[in-house]
Structures are given as structure tokens and as C-alpha cells.
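Each remark here refers to the structure printed beneath this line.
We call the chains A, B, C, D, E and F, going by the order they appear; numbering starts again at 1 in every chain.
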Amino acid sequence: MIDPIIVINPNSTEAVTEAMSAALDGLRLPGGPEIECLTNPDGPAGIESQADVDQVAVQLRAMVDRRANNASAFVIACYSDPGIYSCREATEKPVYGIAESGMLSAMSRVEKFGVVAILDKSIPRHLRYVRVLGLESRLVGERAMGLGVVELSNEAVAYARLLETGTKLRDLDGAQAIVLGCAGMARYRKRLEDELSVPVIDPTQAAVSNALTNSLLKST
Amino acid sequence: MIDPIIVINPNSTEAVTEAMSAALDGLRLPGGPEIECLTNPDGPAGIESQADVDQVAVQLRAMVDRRANNASAFVIACYSDPGIYSCREATEKPVYGIAESGMLSAMSRVEKFGVVAILDKSIPRHLRYVRVLGLESRLVGERAMGLGVVELSNEAVAYARLLETGTKLRDLDGAQAIVLGCAGMARYRKRLEDELSVPVIDPTQAAVSNALTNSLLKST
Amino acid sequence: MIDPIIVINPNSTEAVTEAMSAALDGLRLPGGPEIECLTNPDGPAGIESQADVDQVAVQLRAMVDRRANNASAFVIACYSDPGIYSCREATEKPVYGIAESGMLSAMSRVEKFGVVAILDKSIPRHLRYVRVLGLESRLVGERAMGLGVVELSNEAVAYARLLETGTKLRDLDGAQAIVLGCAGMARYRKRLEDELSVPVIDPTQAAVSNALTNSLLKST
Amino acid sequence: MIDPIIVINPNSTEAVTEAMSAALDGLRLPGGPEIECLTNPDGPAGIESQADVDQVAVQLRAMVDRRANNASAFVIACYSDPGIYSCREATEKPVYGIAESGMLSAMSRVEKFGVVAILDKSIPRHLRYVRVLGLESRLVGERAMGLGVVELSNEAVAYARLLETGTKLRDLDGAQAIVLGCAGMARYRKRLEDELSVPVIDPTQAAVSNALTNSLLKST
Amino acid sequence: MIDPIIVINPNSTEAVTEAMSAALDGLRLPGGPEIECLTNPDGPAGIESQADVDQVAVQLRAMVDRRANNASAFVIACYSDPGIYSCREATEKPVYGIAESGMLSAMSRVEKFGVVAILDKSIPRHLRYVRVLGLESRLVGERAMGLGVVELSNEAVAYARLLETGTKLRDLDGAQAIVLGCAGMARYRKRLEDELSVPVIDPTQAAVSNALTNSLLKST
Amino acid sequence: MIDPIIVINPNSTEAVTEAMSAALDGLRLPGGPEIECLTNPDGPAGIESQADVDQVAVQLRAMVDRRANNASAFVIACYSDPGIYSCREATEKPVYGIAESGMLSAMSRVEKFGVVAILDKSIPRHLRYVRVLGLESRLVGERAMGLGVVELSNEAVAYARLLETGTKLRDLDGAQAIVLGCAGMARYRKRLEDELSVPVIDPTQAAVSNALTNSLLKST
């Protein structure tokens, strides 16, 4: 029997975990590995600051430690990839970060991509990680939707802002693909892709795709 | 019904196409897209020079043109990704190159990777492509097996040389993963990974993985 | 007797070859090598896409093969330098690309240069080559004239657009020299240089200059 | 009255804090700010892994929060600069990391510097941070002493290994200055500098120097 | 007794030297090294061109030669760091350039900094030096005040322009700190810092800070 | 009548100027511009240090000023390109540096080049200039012959060392062309090229070639 792929939502909001899980149904295959989505019960409601990232890094490591013997791979489902290097110390199982997998997925299709962030203040943090990964030359830039929590939960408002931000990335910055810079926007992926006519990447889907195919090919 | 994933072996050697196809069985899913491997009948027996690459680029473009309406994605299965930008002009379907997908796959797991090439003279060509892709900072280097055709077909000799080359990349250059820099080495992937204890990437598997999961997620 | 310098126009338009040849008269020296301009009879009328580039690469290689014993150097006279690495495989004679020589010529005079392209869609292709050559830090950018074939043949319209595009490169982007990103704009070089007061480089002249002086110095 | 400079030793070993404090005596000036060295009581005995770094990041943030109203600046005294971006979120007071200040101090004197790490496994972590900081082009490399805890506490053995490692950085790698890649090697700084005849930087001294002079110049 | 820190104003304007010296009072410590500010009597009234820089480089070297036995460190107080590599050949005492120290000081506090230059024509010269130092990725850009000598001496006009230029660097370019790109603007530092709410670095203060703390720590 | 190309030997050794001039005979064309080689009477016998470079920069600027109205171009014939930016301020005529032109000439032929320096201590100075020019990615490295003046004047010894150094650049470092990193080695160019079977560039020839063809094409 194949061990499950463990997807960890580092924040404590169950609704985010559930939406994330629903967006992964296309990767749940007959005979394939289970895709199990966990919520971090000790995390903040949302991850908005470097302090949040640092705090959940420790919690994620503990969660990985607990499941290391019952997982085929781990996915850290926050667009800052909190704790990824520590989690990789903890296990020889693959550990995928959604920011990393999301950007690499865009790069497998196009030369230049852009990222939609939720908040302006996340952008410097994301860009530090882009430098760690050496991907600067492929990123045309990040732009933030700049919505507060209340507006984000209003889907019409949120999608309109997402579309506006993605359009700027495509038309002003030259993005040939858009990466959704957050684990909670999967529901808008297809609609945005259809409307912008460029690939739109949900990063959690990208990371779980990597985990899934790695699992399928393990013994070949 | 889902359109098939078209994997094109740019050389004319049927045995290479067949081995490639066999190595993709793990990605042939019940209900998933067919994975159809084509041989380029007009290609050289093997692709060894820039002239070979340029020649097959034109042929691949014609093959993509012919199948553009009956494919969910294309994979160019030569580690120089010949004709990739021209094929992308020809179709809005995703076109994956195995060199590009292979390197990105390694990057989703580790910080620094190395590549095993067949021939020394391919390395400058590969490195030009690495610069096009902006991945220089992640590649520790390429090393060639340096085997002629006759020795390559002797599996014992070929594997020994592959192991020796991969070991140098890991121990002298610091590679944390190895990418097989050729479409025809899939049969050694698992054995080498087990022996080196670092991820070993077959690039055709990596590219078809991208095509497959993109297809599975298309409507989500 | 000195072997001629072979300049190959990769497209099939004789008028382009003739204009190119006329622009090289200043480099035809008493006692110097002949400068012979060839048309590629099998090429497209103009080179506008990656498919065009890939196709003529193969044809250029064949032309170089045919003349390898009767040439002191080759010049590939299309601003995408099609087939340059393959042609260099074919002969030990110098093979110059006009894009490469044009940019290097600008760099011998100024710190930052800009490029005028004909079409917007050529720019990503040119930029891939700039990355291959590692010249990103010297290029302020490319801007396209955006003229169709009909308007291009109207010299007044074409020059006006060239001047407008070059002015933007100089004033908005900081270009201290302009490279004409096409083999067919030599006739405007001097006029544009006089009007912009910065060096304007015709890339075919730049490449043939390299071939000529290399020939003159061969035995020193 | 001037608020003190708060230097935080992220590990729980009081002896390290005391040695660190002693090495800062030259910066304790009549009329200048107090330099107060704190131990992190909840930290590990030494910081050796990414998990250690992530864990103390959270603790350091809490320590900074507690002292934010009674400090002129903070110094994070571990060569991985744990929690530095989170601590900078917490306060408008300057927050200096010793790795960052140590490398910048070397750069103010020489073109190329090298770093002596304690453990091999710290080097990839340090190099990620070098990429975040964009300092790759100035670093000739890091080399580890490779000593266990017991041998490190034997000063004769430790110094011999430090000298050997620093000599390799200078002679094989071309380092024109050496940064001690650890908060606990200040006692060897002068001796090593005298013996190698190149500047040797203790990073804690470098960071506290920045904090001190910033404080002295505050109102000018 | 400690040898003095020698700060050399490369231009011949005594008033500049005096203002510079006054701005260093916070670094004149009881028991600390004397900070002696010298004027270059043979320099131009102000350094505005590359020719000026080259000329004073030779003069500075001679001044360093004369004081090499009676100095603990040298500071070259012109934002082009004229002659710095030659002066470093002349003495084993530390030689600090204010441009280099100023930028490194900004980098010890923030990720991205901007520079206010006096004249537009100085910017390419400064940027060449930024490339020598490998600091491109940290600099958001330089902007010039664009004031002539007469207006510069009018403090109200000069400060207004400085504020306007610094505001653009912060708001349009994303500078998180501002470096004053000239030795003669120290008097505006604190006022500008208070008004912009980001660190503002006087580069002469930054370089003398480095010299001072190096001196204080010399025997530790 | 065409104004002459002025080639300035920045050192005061007439024999160097004469050898340089002889190596340019291939570029003296019937009807072409005169190539006039000047010695800097106030220069040192040879340029070996940054102080030498800085000193002759001022002298070269004065020489350019004197000849600005009677020159079609200037060539600064020392492999450190002393004073090049100041000379470019002085005249709108092209000013070519031999290091810059030499490296660009190599780049017009091959992907990777190496440089033979005379002295080890020149290498850091050369590399600073390579960074100014943004050519790092094309240079495999510099290696010094390490000969003193006496041995350099012994042609047999000098050539043997040059061959040994060039061989290392080709075989150990991967140089596909060699640039002679000094104005005084032209006499060995052809012999070395024949023996190494890779292009060998004399940088003074390269710079004068640029000046010559620029002059020939001026009115086209």
C-alpha cells in the first residue's frame, strides 16, 4: 500500500484546508496515493508576517516529525514555504513547498511569469525566497491584490481584484503565466486562466502534482 | 475523451522510443490520457551535434503541426529540447522539453543538481540552454560519461560509467540530485538512485509528469 | 590570394542581399578580401518567427559546408544569428553572427546600448540569445518599430518610426548607442546617427568588419 | 540617558554569552551606551541545524518584543542571523545580524573574503543567506573546521584547526579577509589575524560596532 | 598613544572639510583616536567629472604616502572613492572609501537602498563602482538633485530638492534607506531621516565609524 | 583627408611603442587612415600597479586633449585601459581600450575565453574592470606568466612561459580563445595561435581594428 501524500495547511483555518483539499480532487487517482490535508491547529488564522512564518515553521517541523513514517511525501501549503529546509532535515521523504513548485511549474511552460500576492507586505519576503532559489531572472514581478480579510471573503470583489492584478502582470510586466501567490485561491484558477488566456498556476496543485508523479514513478 | 500526450523521440531509433515508452508506464492511469510515443522517422540515429539539433527542430515542428488537434500536450524527448520555442509557436497546447522539465524537477527537491551527459561535446550546447533558462546558479556542473555507441549498448559498461560520473557530481561537485542528460537512460534511474542515495531524475518521466498532471487538473 | 568573406543573407529576397552588399562597400579594400554576399534561395522572404530561424539554420549550415574551402570567414546576416553554433561546428574558419558582432561593437564604444527590432514578437527570441551571450547587463532594452511589410518598404514611414523608436531607447531607456536589430536597415544608419547624436551600429557592417580585420591580421 | 545595545546570544550556554561580552569591552565607552549581553534561556546549547535556527527565531522575536522600549539597537549573535526579518518587523530600532554585519565589515576592507564555519552542514544554510543578501560575488567560499563539541572546547586543537582552515581560504581560495562564522570564536581573532596577515573579522564585534556608531551619531 | 584617523577631502574647498569635520564630532571619544580632516590643496574646488576623479586619485595617493606612518586608518571622503585601490597598495592601514562604507552601512540595516547624487552625470560613474563592488542587487537606483553650485549653497533650495529626490527613491523606487551620495550633505542627514522615516546615511560618518571601531577593537 | 588613428602607449618605453606599431602594419591600408603610435614620455617604464594606472590616466587625458582635433579615433594601449572614461569625456571621437576591445574580439568568435597576464598582482585589477564591463560570465579566468622584467626580455623564456600559461587556460579552464593581457606580446600571437589551435587575440590589434573599420564606414 502506498503511503499518503501529506499536505499541511500551516494556518488554523479549517475552511482553507477544505477548499485546498477540494482543489486536489483531480489528483486523487484510483490506486494512487491518498492525498491527506492537515490543518495546523496551533497556527494563526492566516499567515501574514515573517513572525507568522517563523512560528509555523517550528510547528510544521513537529507535524512532519510525527508523520515521517506514514507519508510518501509532504507538501507545505503556504506561499512562503515556511520551515521547508528544517522539514527536509527531518525526513528523507520529498518535501515540496508550494511557492517553489508553483514557480517551477510556471517555468516549465513559459519564459517569464508573474505572481499575485495578497498583501503588499508579503512581497519583500517572497522576493527573499526567490533570491534563495536563484529564480530572479524568470520573475517579471509580484503585485499585490491589497485586499483585507473582509473583502477577500467576498468572492466577487476578490475575483475582480485578482483579475485586475493578473492583467497588470500580463500587460504591463510581460508575464506569460501567473502564479497564485497564496494557498487559498484555487477556486479562481480556471476562471482566471480562461479570462487571461495565459497559464494560471495554483501552487498547491503544482506541489501535489510533483508529489504524486514522484510517487507513481518511484519504482521505475 | 482526453486527448493523448504526444511524446516525440527526435531520433529515428525505434528501440529508444520503445524503452522510453516502457519507462512511462507508471504514468499511464486508468481513465487518464493516453501517452503516445512517436519516433521521428527522418531524424538521425542519435542526436550528437548542434547540426543534428537544428535539423530535428524543423522536423519536430512539422510533427507538432500534424498532431496539434489531437493532443493534450507535447513532450520533446531529447535533452537539448530541439525546436521547443518553434513548437510553442505552433500550438497553444503545452509543449514540455525534457531538459527543462528534468532540471526543474530536480530543483523542486534540492538546492544544487548535476547533470550526466553522454558526450563531452554536448556540454557547451547544454550550458547555452541553461543560460537561456537562467538556471546557472542551481547547476553544479555537467560531466560526460564519454562512451561511444558500442560501449553505451553494453549495459554493464554503461552503468559502471554512469555510476562513476554520478558519484563525481555528488562528491566532488556537491550535487544533491542527478539529472540524466539523455532520453535513453531511464532503465538505470532507480538503480542509480538507490546506489547514490540522492534523487535521480529521468527527464522524460519529469516532462510527461508535468503533461499528465496538467491534463488531470485542466478543468479544476 | 585571399579567400573571400562570405556573407549569407538567410532570406530569399535578393533586394535585401543587394542593399546589404552596397552597405559593405567601405570595407572592400584594394588588395583586401572580396566580400561576397549570397542569398539563401530556399529561405522565406523574411525571417519573422522561430520556425523561420530554425528552418534557415539547416540551410545555412549546408551553404557553409559548400563554401568551407573557399572562404576566409562567414557572416550570418540575420539578427537572430540562425545556425551559428552549427556553422561553427562545420568549419574552423571564423563564423560571425551579426547580432553578436553588432552588440559587441556597441559595447566597444559605450556602456549601455539599445536595440531596435522590427517586430514585437522577435524580442523574446533576441533576449534568449542575449542571455546565451551573457550580455544582459549592457542592454537597456529592445523596442520594436512595429511596422508591417508594406509600411517598411515606405522609406519615409520606416525612417520616421525608426527615429521615434531610437529616440525612446536613448531618452527613456538610457541607450548610449543604438544597434539596428535587422540586416536590412543599413541605409538609415548614418542619418539616424547624425540625428540622434549617439553611435548607431549596422550589425552586418560590424560583423564584416570583424571578418575583414581578422583576415588582414592573419599572418601577423 | 542612552538606551543600551542589546546583544542576544540565541543559545542557552552562558559561557558563550560571557565570552562574547568580554570581546566587546573595547566598545564600552565612557558616556557611550551600555552593551548588555543576554542569553536565550530556552535555546539549545548550540545552534547546529535549520530546526535550531527556526526555533530560536521565535524566541528571539519574543525577547526583542520585551525589550523594544529599552534598547537603542539589537544584535542577533548567531551566524545564521535567526529571526532577523521578524525582529525587524517588531521594532523600529536597528536590528543587526552578526553574519550580515560580519560580511559587510570584511567587504569594507577587501574585495574577496572567506568564512570559517564550525560544521559542514551549516554551509548550505549560510549560503542561502548569502544569496538573500546578494553577496555571492564577494565570497570566495566557506570552509568548515569540522570539529565536534569536545574538540572545540580544547583551545589548542580548535585554534590549530581554525588556522588550517583560514590558511586554505587565504591560499587556495584567494580570501583577502576571513570572517569567523560563529559567535564564539572571538578569542582567536587577533591571534589568527596576526598569523595570517589578513584582516580577521569577529562578526559580533562587527555588528555591535554598527550599533554603537549608529547610536553615537543619532542626533547628528 | 593611538594614531589619528586621517579623513581626506579630495577637493580644495576648506569649507567642505570643516563641515565634514563638524559632522564627525559624535565619533570623537575621550581616549579614542583623533579624527583629523585634511583638505587636498591641489584638488579642484569640487569633483564633478571622471577627469577630476582621476586627477585627485594621484594626489590622494601622495597624501596617504606622506601620512602612512602616522595614521590608524585613512578615509577617502569623496563619493567616487577616488584612488582607493592605489591607496590600499600604499599602506597596510585600513583605507575606507565613503561610497563603499556608505552603501554597506545602508545594507546592514535594510534590503534595498537608494542614493541621492548631486549631478546626473555622476550616476554612470557611481554605477560602474557599484558593479566593481557587486552591489547591484541591493541598489534600487540613484537619482540626482540636479542643482548647480549656486543653488546648492542655498540651504533652503538644496534641502527641498534633497527631500524631493529622497521621496522619489523611497516611494517610486522602493528604497528602504537613503545614502547621501556626496561628502557635503551631512548637515541635512538627521532632518531628512526624520522627515522620510527611513534611515539616511551620511557616507563620511559611515566610513569614519568603520575606522573608529576597527581602531577600538584592534587589540581584542 | 582622413584624420589618423592615435594609439597611445601609456608607458615611456619607446621599444614597446615600436613593436606595437610594427604589429599594426596589416591595418595600414592604401587610402586608409594613418595609424600613429605615441609614447607617453611622462609614464613609468612599465605599468605594473594601480598607482601607475592612476598616474598615466591623467597623462593620457592630456594627450587626448592635445590631439582631439586631429584624430579619427584614440586607442589606449595598456591592458588596464587607464583613463578610458575620462578620455571619453574629453572627445566625441571614439576612444577604444585594448582590454575591452580584446575581450570583445574574443567574444565575437568563441563562448569562453581566458587571459594571460604578466603579473599575478595585475589580476585583481583586471577583474575589477571585467566586472565594470559585465563580462564575468564569458571569462574562464586569468593566469599570470609570473616573469620578471629580465626574463620577459628573453624571448625564448617568455614564449615558453606564455605557451605554458595559455595551455593551462585552454586545457584546465576551458578557454576557447586566449587574449594576450598586455600591449607588448603581439610578436608571439601567431606562433601561439598556431601552437594552441585556438584564436589568440592581440588586444592592440583588436582595438585598432575597431577604430579602422569605424573610420572606413563613417559615411555609409
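Following the convention adopted for this analysis, contacts are C-beta pairs under 8 Å (C-beta built on N, C-alpha and C of every residue); 3 or more make two chains touch, one makes a residue touch a chain.
What you see is a predicted model, and the numbers here were worked out from it, not measured in a lab.
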item	value
Same vs different contact residues, subunit B with subunit C, by half of numbers used	same
D-E or E-F - the one linked by more C-beta pairs in contact	D-E
Subunit C and subunit D, separation of their C-alpha mean positions in angstrom	53
Inter-chain centre distance, subunit A versus subunit E - centres from mean C-alpha coordinates, in Å	45
Rounded Å distance between subunit C and subunit F, as computed from the means of their C-alpha atoms	26
Sites on subunit D at which at least two other chains make contact	128, 131, 134, 136-137
Subunit B residues touching subunit A - in the complex, by the definition given at the top	23, 25-27, 29-32, 94, 96, 100-101, 104-105, 107-109, 133-138, 186, 189-190, 199, 202, 205, 207, 209-210, 212-214, 216-220
In the complex, subunit E residues that touch subunit F	49-51, 53-55, 57-58, 61, 83, 85-86, 89-90, 125, 128, 131-132, 134
